[in-house]
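So, here's a batch of structures to check.
Presented sequentially are two complexes of chain A, the first with chain B as partner and the second with chain C.
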Partner chain A sequence: MKKIIPIIEYTLKENIRHKIFYTILLFALVIIVSSVLFSMLSPGEETRVILDIGLGAIEIFAFLSAISAAVGLVLGEMENKSVSLILARPVRRFEYIWGRYSGILFISLINILVMSLGLLFLLYIKGWEFNFRFLLAITFIFLKVVIISALAILISLISTSAISSVSGTFFLWILGHVTDHLKYLNYVLVQKGVKITIFLKAIYYLLPNFQYLNVKDYMGYPNPLAGTTIFWQVAYSLIYASVATWLSVLVFSRKEF
Partner chain B sequence: MVAIKTENLTKIYVRKHLFSSKKTNALENLNLEIEDGKVFGLLGLNGSGKTTLLKLLVGLLFPTRGSAHIFGQRVPHLSLLSRIGYLPEFPCFLMYLTAGEILNFYGKLYGFSRKEREKRVEETLDLVELKENRNDRLADFSKGMLERIGMAQVLLHDPDLLLLDEPTSGLDPLGVKKLRQTILRLKAEGKTILLSSHLVTEVERVCDQVGILHQGRLKKIVDVKGLEGRMEDIFSETVSGEG
Partner chain C sequence: MRKSIFIIFLILPLFGLSVFAQHQVEKRFQFPLPSIIEVKPSSFIYFWGSLLGLRRISSDLAWIRLLQYYGTLEDEEHVHHLDRCERGEYEDLLPMCQEVVRLDPYFHYAYLFGGGCLAFNHERYDEAIELLREGIKNNPKFWKFRLYIAAIVYTRTREYDKVVPLLEEAIRYRDCPEVVKFFLASIYKARGEFGRAIAIWENILATSRNDQARATAESRLKAMEIYR
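Moving on to the complex of A and B:
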């Protein structure tokens, strides 16, 4: 377990020195700041517009940052074989995967915090009153990143190129936001006598359910989220990500370099 | 004492295509014993199985059949990796790190304390004459300098066994000479070294024994002592004789 910490440190160092990290961060901050312009189109609703665009930007750029780190670092290290110099030392393969994964989460957390501070600053200027739900929305964006990073690593280990890894992860991100439609599709098919319920159910449970974690969409709703709901949402995210990461460990343990 | 022992060690690569698979016998029933404290050279043409053998010993590849033991322990074994220094043919590093940082990182993976790491990093950088470049990023290093960093990471933890895959590739003649001196110094310290190379004369100069690999098979083991420059002929005869 001791070896995980140096791998986290080195993932952070590598990421922070990568230009893409700053590019993504800069783009995100530009979008967040530009939300002020869009807010002018909705007089009286400025803070809501800034909040909606800002949180949306944080989510998208956190996703891009996580995917670039997961694919770039894990797949990149396997492709250029620098991983062999790590595995030739007393490091267990699960330590490598969990170290890399934790490092990516760390960097995503930093990213999200920087973007959130930028957004909070804008909202503060506009006279927005702080709402605890903001923290909840940010936490749930991070939970989505927790899941997608684990999946990005898994896909990077299975696929053979950066393009297929990125597109595969992107595809899962999209699908994860529309899983609820599978339920409806199942309902329609059953009505028409087509019986593929088990198949659809399997897909429904296998795919990540990002809609379940979309707390930011409910920022304006008056009723607070129930504690038990939050508990199950957090538990779902952590369990899903853990299973995906252990699957990555399984795949990685069989890999030859 | 035996440092490395392989028994019927076999590695078959299977490349799977859509509806077919292609098998390549990279190493076939290799039985080899290398004594502790010796320098053993592996000679062979491209694709003869030299790199495969080294990777099997370090646990980067898994054998299809047979087994390998290092210092009496079956490979792969995590604790063994603290006693092995491995230099791949084309060592690739994280180019965003500096020379000092990469060695410090590897030092952490061995569990060295901060003080110990500092000392070892300093010593090994000095040994490969890169002390002045400690804070330079590896991305700015020349090919020869990267090879020297490769050697530094091998020596960092003072291993008992060194597995060097084509250590002279990328080195200029002066670099080759310095590497030879390093190998001879390590040999005098009692280290066991297994090195693969294309350079017959270089192998003859530093090795006690040489194994000739051809098409994944160990064809001959030659004691270098008393050969007096005939290694090249022996190698050519062995390899060309097999076609």
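Moving on to the complex of A and C:
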């Protein structure tokens, strides 16, 4: 643990020095503020539009910032061989990966909190009545980032270029939002006599399921989420992310520099 | 090599736990939105929005598009309908409302607005009830849809004595669309209860954020100066 903390600090500092971090944050805040313009087009439902665009912007920009950090830092460090400098010190490979990953999560958390405060301020000005689901939505956005960051690191270790790792992560992000459709696909195929249920089930459990965490898409759902459901959603995200991170450790431990 | 085997033995039970946790979530929770394939959205933007996990934004965009459609004069061929509903027939009003509420089935205001416009502006009672019934199916606890249906049914049978108390209750709520307020005001006016009609228009003028609604209320108030 003692060796992981300096790597987390190093990742944080490196991210904060990056111009792209500020560009993403600034752009997100601009989008959140510009949601006021969209809300003007929707009299009667202004706060809803601001809330939706704001939460959407927070999620997308947190996702972009996590990807840029995961791909830029880990892959970049391997390409310019500076990773050897770190590994030459008494740092084990799993400590390096977990340190990097925790650093990325830390910076994403800061990002999400800053954007959420901006959005809350805007909603407060517009007279929005606070809803507990807002906090749940923000927490679950962070959990999505927890999963996608772990996958982004894994993909950047497997792939050979930044473009392929970014597109691979983006592809997983989309697939994670449509995993439920695999059930429908299975139903259609069974109707046509094609039985690949086991194969589809394997894919279903291998891919991340972001729909569970998409509270911002069903903010108006009348039935509140039960405490045990939230517990299992959080548990699923953390366990899935740790599987992906340990896989990254496995890939990284077999690499030669 | 031993390290790799150790990590693999660590990953396998963790993956089993992840499947177990996912199974536990599935047992307790079903994603409460219809599949985007079932919705069959009219624009690829809504489709992609859903794929990216931005379903409510897609619904908002469809909603803004609906308001733009309903706030714009229809083309020349519909001008002969102007005496009936002032601006046109808006045949796509129901499918556009349905698209909005199928993207987000919990968008209460869209049901109320669509139902109100269809029934009170265009006398398309069946379409209004169809939309509100969909609302009841998706939101069984949201009682205002039932109130609107009752008001629409009485309007259709011209039992205005029964409509008035229902609409008076409806306009007390903040999420009541202006179209319902205008309809109640027009009933008051037709019955000669000018004071009550004026009170509603003044309320719209003072509280509405919709420029068009405010302008209409203002013009109605100016017209009422003749009666005063």
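Descriptive notes on the structure:
We take it that the second predicted complex is superposed on the first by the 257 of 257 C-alpha atoms of A that agree within 3 Å, B and C clash if a C-alpha of one lies under 4 Å from a C-alpha of the other, contacts with A are read in each partner's own complex, and residues count from 1 in each chain.
Rule of thumb we're sticking to: contacts are C-beta pairs under 8 Å (C-beta built on N, C-alpha and C of every residue); 3 or more make two chains touch, one makes a residue touch a chain.
All values reported here derive from a predicted model rather than from experimental measurement.
In the superposition on chain A, A:T228 contacts chain C only, with no contact to chain B. In the superposed model, A:Q191 makes contact with neither chain B nor chain C. Once chain A of one complex is fitted onto chain A of the other, the partner contacts of A:W173 are limited to chain C, with no touch recorded for chain B. Contact comparison for chain A: of chain B and chain C, C touches the greater number of residues.
After overlaying the two complexes on the shared chain, residue contacts for A:V249 are found with chain C alone; chain B is out of touch. In the superposed pair of complexes, A:G44 makes contact with chain C only, with no contact to chain B. In the superposition on chain A, contact of A:Y240 is made with chain C only, not with chain B.
Across the interface of their complex, chain B is touched by residues 2-3, 5-6, 9-10, 13-14, 17-18, 77, 80-82, 84-92, 256-257 of chain A. On the side of chain B, the complex with chain A involves touching residues 55, 58-62, 78-79, 81-82, 84, 86, 88, 90-94, 96-97, 101, 105-106, 108-111, 153. Contact residues on chain A toward chain C in their complex (touch as defined above): 38, 41-46, 48-49, 52-53, 56, 59-60, 94, 144, 173-174, 177-178, 180-181, 184, 205, 209-212, 214, 216-223, 225-226, 228-229, 232-233, 235-236, 239-240, 242-243, 246-247, 249-250, 253-254. Considering their complex, residues 3-4, 7-8, 10-11, 14-15, 17-19, 21-22, 24-25, 28-29, 31-33, 35-37, 50-57, 60, 63-64, 67-68, 104, 106-109, 113, 139, 141-142, 175, 177-178, 208-211, 213 of chain C touch chain A.
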